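Note that chain A is present in both complexes that follow, paired respectively with chain B and with chain C.
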Partner chain A sequence: MKKILPTSNAIIAVISGLLVLLGYFFPGVFGNIQSILIGWSIILAAFALLLGIFNLAFVHWKKTKAGGAGGINSIVLLVSLGITIILVSLSGPTGALSLWIFNSFQVPVEISLLAVLAVVLVYAAARLLTRRPKWYTVLFLVTVLIVLLGSVPLFFLGEVAPLVALRGWLAQVPAVAGARGLLLGVALGTVATGIRILMGVDRPYGG
Partner chain B sequence: MTDIICPLCGKPNPPELDECKYCQAPLNASGFLAPSDQEGQENPFIVSSGDSDQSESQGLKPESTSPLEQAIPDWLKNTEANFLEGTEAKPESQAPDDIAEQIDSLLSQPSTPDNGVQPDIDDDWLASLLAEAGGESSPLSLQEEPLDEKEVPVNADLTGPSVEESNGDEGVLPPAQIEKPDWLTGLEASSKIKVEGEITPSEAFVIGAGVADTVESADTGSMDIPDWIGKIEPEETPSDQEEPGPQIAPAELPGWLEALRPDDSVSATEPVEDLSAADVVTAGPLVGLRGVINAHPSAIRARKPPTYSIKLRVTDEQRARVEMMVALLADEQKPKPLPSQPVLTSRNIFRLVIAAALILPIAWMIITGSQQVPAPQPGEVPGVVDFTQQVQAIPAGSPVLLAFDYEAGFSGEMNLAISTLINQLTIKNNFMTLVTTIPSGPALAESLISPSTSLEGNPGSYSYYTNLGYIPGGTLGLVGLALSPKSVLPYSLDGVNVWQSAPLDTVATINDFSAIIVLTNDPDTARSWVEQVGPVLKEDGTPLLIVTSSQAEPLIRPYYEANPSQVQGMVSSLAGGLAYGRSVGNIQQNGEWDAFSIAITASVLIILIGSISRAVMKLPMSGKKKES
Partner chain C sequence: MEQVLSSISNYLGLLFILLCLGLILFYFFSDGNRPKISLRNIQAFRHVRREVDLAVEAGKRLHISLGRGSITDLQGGAAFIGLTILDRSARAASNSDRPPMTTSGDGVLTILSQDTLQSTYRSLGTEQRYDPTNAHMTGLSPLAYAAGAMPTIHDEYVSANFFTGHLGTEIALLTEAGERSRSLTVAGSDSIHAQAVLYVTSDEPLLGEELYAAGAYLGAGPAHLASLRTQDILRWVLIGAIVIGAILKLFRILN
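This part shows the complex of A and B:
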């Protein structure tokens, strides 16, 4: 049994991958089976999300039972989760109670986090030259200042055209080049991983 | 005068005594009456003769041991012959009838109180012992088959201690000097039980009781006594003992057998220990015996084992040391507390200054509604003009797919453009189909649609939209949506199958929507839409429009600027939202642009001042270090 299961899992995974891949090349022949397999994977992903929620609750339940310093945070999470589930179940996903929770808690909390992030980033940038007085630190700070000054008209100076142009060049050439390079690397890695999975060499599903 | 033989030590006692004067064992219950001097000495063979008769009556003939008789050495046969000759030559001092009476008195007297009361118990007890020893447990077999085995211990018992005592006190021949008949020799040879001197008095008592039962059950009147018993003359026994027997040539034994022989100097019948001080058994089948294990049922009764406390008993000093050790170990695990720092440090003050420098100007601009900073024009922000044209090109009343894939934290940056977009779609009465790939997307979409619809002056009146909810699976979900939106999202959040009613009943694929508008702050999400859904949209020329944040704009912009473009229009950041608003005639900004401008200006100033001041302050310090 220990030998049969890994082999059968590999066969299922390879055949499924090949059918989905062939669906792109021959949509008329394999389009339907590709659609069915993708539908199954979507259902599994939704179930995985549900499992993730249960796992989160279980982990914090254990932390609550164990006590300790973070126990109160786990209690807050569990209580919040329970209240949210109850209210959303009563009023529906887009009901008045659900929107009240969303607009009163989630939106302000997320916006506040980003606001604090802005303050922390400014503070870190102001201290960066003190902690790392290197040439690349200076280059980083200069780039940051150029992008900031070119993004918006300054309050007293107005729009500085050279800075706007320089900001556009920095954002579209060096930044996008680096990002595209990363994406190309990720894409090549994904292709290699896909081929290994299709060949049964990599078995992330176990075995 | 009849003495009572102690069942424990085997010594004769006067009949008026209730306890043995030697071992203090009770005599009334189980003592044997010793034969008087006139009646002759006690002879163990009396009982064995009865047993032999009984065995004969039960079919156990002595001839069955003929092979054993053949194995008897010649010296033993000679001894037997001499004995028989000697007894025949002497006149008979007692009649056989007297001997029979003596046997009856011997057998009936001691067995009257106990052994006669519970013969069956003894049989059962003996049967259980035999069964444990591997024999048959059948009662019938106990009565018939092992009868010869019972007889031998009886003989051995009665020839053991009683003869020894009488030998010392009354001059009876020792058992070693009494010549045994053939049948007894054969029985002894075939017996597995030890003979003379190796049987304890208790065993002799029990076995004797069994023999008595057997004798009682037999017809004593017809009992045949061997002739040699009647020929025994007790008065002449001491003389026989004194007379030297015929010289028997010692047998020549092999060396290994000589080595196995026990030491003759040690008497096998010698008592191992003095039992006079031992306790007397007061209950059970061994009642009255001394020096044996008490077989009282309570001794072997299964009872619940006593519970003992597991609490460790320690002294106060030990407890104090343990507490000290526990305290030491607890201190080892505790992290050393950091030295407390004052709340108002230079670092905290600097943080507060930065926060104040950012928050206060922003708040001031929003409160005052300042519009001093010129707003961006549609032509100045890439993608806004095309975006506006694509939205205007959407047929009125046609279905539009809106993907709310941005986090709620980016609402301040993106909501301006999205509100304007929803307002435009509402004006054109487009059917908005809301989907999302993030769990909080449905609530975000619903919360944004409601205020936007209220802008028309009819709050809550616009219901020409449906919220299909969350698409699980990320990129795979988008692929499924592109291939078959009905199968991925068959029902709305209200539980209605919207694909069967207008206007979505005309939508079979994602190309049937008039436009796909993605609202996202994540470049990866935008890329997934472009790469997974975009190729499907190309077939019918359905526009893919994106509203994004400033952080994702650099990565999405190449899709827009590509030729042919994969994104037909885009609105990015707050500047794009303002430009798009201006392009549709909405110039209201509520001071947001000025606040954004002054926040950026303040940030640049803080970074510059902070970096320069810190660098200036650090240069003298580094110079001092070099000098030192």
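This part shows the complex of A and C:
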């Protein structure tokens, strides 16, 4: 049984993947089966989300039982999770209580984290010169500075036309060229990864 | 000419996939006879191998972040690479006191990472070492995921962090947490925004296609080497096509 299951998993995964792929190129022939399979995958993903939440709760339950420095954080998480589940179940996903939780807790916390993120990025950029003291690091930081100065009006000077023009050129020519190069590499890698899974070589599903 | 191009454009994607498949199969079977294929030196992967060994010796663990990309869309590709790294790390650290730990921001990825860990331990005959809580979901929104993963980096005796999946600019919070806990961070993502941030914040950023070479560099098998060679060839083909297209456009042969 232990040997049959991985093989059958692989066969199901490969056939399903092939049918969904063919559905994109031959919608008349494979379109229906593609829709059915994608529909099933969405339902399974929703159940996976529920399992993920149970897993998260279980991990923090274990941490609470173990005690230690992070134990109090885990208790806060479990209590918050319980309260959120109860309130959202009572008022519905777009009800007043759900929106109150979202606007009073989720939004302020995420905005605070975004503010921290901005500080972290500035600090990391400043530290980059000690981390990688190379000419291209200096070029990177000078470019960042030009783009920043060209993006906002300056004290007493207002918008400096050459800086704005240089910023526009940097953003539209070298930055786009570089981004497209990186995206082409990512696309090739994604296609190769997909093909390995369709070949049944990579089996991240216990196969 | 244009009629022919428009009629095959519908099937261009399929032709491209078949070309990739053909090349992977060709190198998969032909490289078997070669003694060794030399790979370009990517420092990040050298450090990954070294850190796995050091983690085992120091009684510390590895943290692999799979990001929050759903496998039902394009973002899943990078997460699959994370699963390959998880498999290789779990094998290499199989005799460690502290097995690798994964965090993800998607339910399906959490289950896949648990499955990967379980099947790795099963294949090594050490299934009793499998603990489902070593692979967990930390949050569903970008910042919630980062906030949930940061305590893992700080509190779980982590010696190295591998961020390999779909992550946005919030990855800076994770790499900063790694820096503060003095653990190595090797990171790659399919997102351009994350790659820009990683260049500044990570010890070892993996840019562009470098992330997708992980399997080949970590010894995941001949199929990974074959697909790496295919990517290299197709990259040159694409560069050639772009240059030829630019020249044709310059001389107004193509509109």
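Just so we're on the same page, the second predicted complex is superposed on the first by the 187 of 207 C-alpha atoms of A that agree within 3 Å, B and C clash if a C-alpha of one lies under 4 Å from a C-alpha of the other, contacts with A are read in each partner's own complex, and residues count from 1 in each chain.
Everything that follows uses one rule, which is that contacts are C-beta pairs under 8 Å (C-beta built on N, C-alpha and C of every residue); 3 or more make two chains touch, one makes a residue touch a chain.
In this text the structure is predicted, and so the values were computed from the model without any measurement.
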Chain B versus chain C as contact partner of A:Pro162, first or second or both or neither: neither
Touched partner set for A:Ala125, first chain B, second chain C, both or neither: both
Which of chain B and chain C A:Ala45 touches, first, second, both or neither: both
Which superposed partner A:Glu110 touches (first chain B, second chain C, both, neither): both
Touched partner set for A:Gly82, first chain B, second chain C, both or neither: neither
Partner chain in contact with A:Gly67 - chain B first, chain C second, else both or neither: neither
Touching both chain C and chain B, counted on chain A across the two superposed complexes: 38, 41-42, 45-46, 49, 106, 110, 113-114, 123, 125, 128, 179, 183
Of all residues in chain A, those that touch chain B in their complex: 31, 34-35, 38-39, 41-43, 45-46, 49, 92-94, 98-99, 102-103, 106-107, 110-111, 113-114, 118-119, 122-123, 125-130, 133, 141, 144-145, 148-149, 151-156, 158-159, 171-172, 175-176, 179-180, 183
Chain A-touching residues of chain C, taken from the complex the two chains share: 10-11, 13-14, 16-17, 20-21, 24, 70, 72, 74, 77-78, 80-81, 83-84, 104, 106-108, 110-112, 114-116, 118-119, 132-133, 135-138, 140-141, 143-144, 146-148, 151, 155, 169-170, 172-173, 175-176, 190, 192, 195, 197, 199-201, 203, 207-213, 215, 221, 223-224, 227-228, 230-231, 234-235, 238
Complex contact set, residues of chain A against chain C: 6, 21, 24-25, 38, 41-42, 44-53, 55-56, 58-59, 62, 69-70, 73, 106, 109-110, 113-114, 116-117, 120-121, 123-125, 128, 131, 140, 179, 181-186, 188-199, 201-207
Residues of chain B that touch chain A when the two form their complex: 350-351, 354-355, 358, 372-374, 407-412, 439-440, 442-444, 446-447, 450, 467, 469, 471-474, 476-477, 479-480, 483-484, 487-488, 493-494, 523, 527, 550, 553-555, 557-558, 573, 575, 594, 596-601, 603-604, 606-611, 614-615, 617-618
